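Note that subunit A is present in both complexes that follow, paired respectively with subunit B and with subunit C.
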Partner chain A sequence: MTYQPGAVVRVRNTDPDHHTRMPRYVRGHTGEVVAVLGSWVLPDDNARGVAQPRVEACYAVRFAAADLWGSGTHTVTVDLWESYLDQP
Partner chain B sequence: MGGQTGFGPVPVGENGEPAFAADWEARVYALAAVLRRRGLFNSDELRDAIERLPPGQYLGASYYERWLGAIETLVDEKGLA
Partner chain C sequence: MTSPEDHHEERREDHADASVAVRARRLEERLIAAGQATEAELDAYLSQLYGNAAPVNGARMAARAWTDPAYRQLLLADGNAAAAELGFTGLSYQLRVVANRADRHNVIVCTLCSCYPVSLLGPSPGWYKSFAYRSRTVREPRAVLAEFGLSLPPDTEIAVWDSTSEARYMVLPARPDGTGELAEDDLAALVTRNGLIGTALV
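The block that comes next holds the complex of A and B.
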């Protein structure tokens, strides 16, 4: 577990050629960790039948809708695995 | 596919229970649950199979039609057909 609530993180701007739970609309965007959700199997590995799928910390990360879509006053919170994130 | 906008909300009933528009939808849901519990596939494989549906099928399908298409894909790929 790398990040604590309040940490500012940036979602990696990658385009994997396999299943991922890193939505396109948050890639490259900066958000704030609002909760640490424990450790969970990485869907990217689990979807492909990897024998020993990675288990990573998962975080609830909050984004400003205006940052994602250019308008809106609300926020959007997305559950994101450790390897989806970088420090900004 | 996946992550597209404009499909509207995912149907969710009261207390977060699945909401079904027809009996066949409940049967598809139950079929997925049984196959998952028996170890044929996991939730991530089901999501992946939904995203791998041909774009025309994906875009023309309802929520549980996509589930059914994904189950058919996995049953075929894993040799249970």
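The block that comes next holds the complex of A and C.
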């Protein structure tokens, strides 16, 4: 576990050619960790039948609508596995 | 007796217009034919998934949280432990409960598919799985909620929770005014499924 609540993180701006749980609308965007959820098997590995799928921390990351969409006052919180994230 | 031509015709049949139930049954038949599952296994799975799944479960948890501050604290800190206290054990997901406040309204969505705490809310409504709800709720929640008949004051912050992981979200609605005299069971009867999703107030 790398991040604590309050940490600022950026979602990797990648376009994997396999299953992922990293929604396209948050890729490349910066948000704040609001909760550490636990450690779970990485769906990207699991869906491809990787023999030893990675187990990673998963975080609830909150984004401002204005950052995601250019407008809006709401927030959107998305659960993201560790390898989806970078330090900005 | 089925001729090869008949069989061919059957395979070419387009199921796109068939009802969901018919299409689901076709899929079950294929799984059984392929030896991937038996009828009994499918029945047992569906019975386990839906047998006791109903929004009255989530409603009971909300009503308990309204009347018992310690339970409310537990519910917001450890949803699974709080669920277990009311007998809802063995959830197949991590339950995260987010509480509405005077200045913040919560609403849940699953943009990638249709993740939902089925055992506590019952089978999800069709609209929860629709492309419109899934795409618009993260983009313009205020407009979506207004279409549900929920017009929030402009200064109420809206927090959208997109269920992309193994966690499932449930909203703890605010206790309605004027219910101070009601017993827990009567309070639970006020809590609706949409209230627990966040597309309605209670």
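Worth a mention:
Basically, the second predicted complex is superposed on the first by the 88 of 88 C-alpha atoms of A that agree within 3 Å, B and C clash if a C-alpha of one lies under 4 Å from a C-alpha of the other, contacts with A are read in each partner's own complex, and residues count from 1 in each chain.
Here is the rule we go by: contacts are C-beta pairs under 8 Å (C-beta built on N, C-alpha and C of every residue); 3 or more make two chains touch, one makes a residue touch a chain.
Bear in mind the structure is a predicted one, so any value in this text is a computation, not a measurement.
By the touch criterion stated above, A:W81 is placed in contact with subunit C alone, subunit B being left untouched.
In the superposition on chain A, A:A47 contacts subunit B only, with no contact to subunit C.
Measured by the number of subunit A residues touched, the leading partner among subunit B and subunit C is C.
When the two structures are aligned on the shared chain, A:L37 is found in touch with subunit C, with no touch to subunit B.
Once both structures are placed on chain A, subunit A residues 21, 23, 25 are touched by subunit B and, in the other complex, by subunit C.
Contact residues on subunit A toward subunit C in their complex (touch as defined above): 21-23, 25, 35, 37-38, 40, 58, 60, 62, 65, 68-69, 72-81.
Within the complex, the subunit A residues that touch subunit B are 18-19, 21, 23-25, 41, 43, 46-49. By the touch criterion given at the top, residues 94, 96, 111-112, 138-142, 157-167 of subunit C touch subunit A in their complex.
Of all residues in subunit B, only 3, 42-45, 47-48, 51 touch subunit A in the complex they form.
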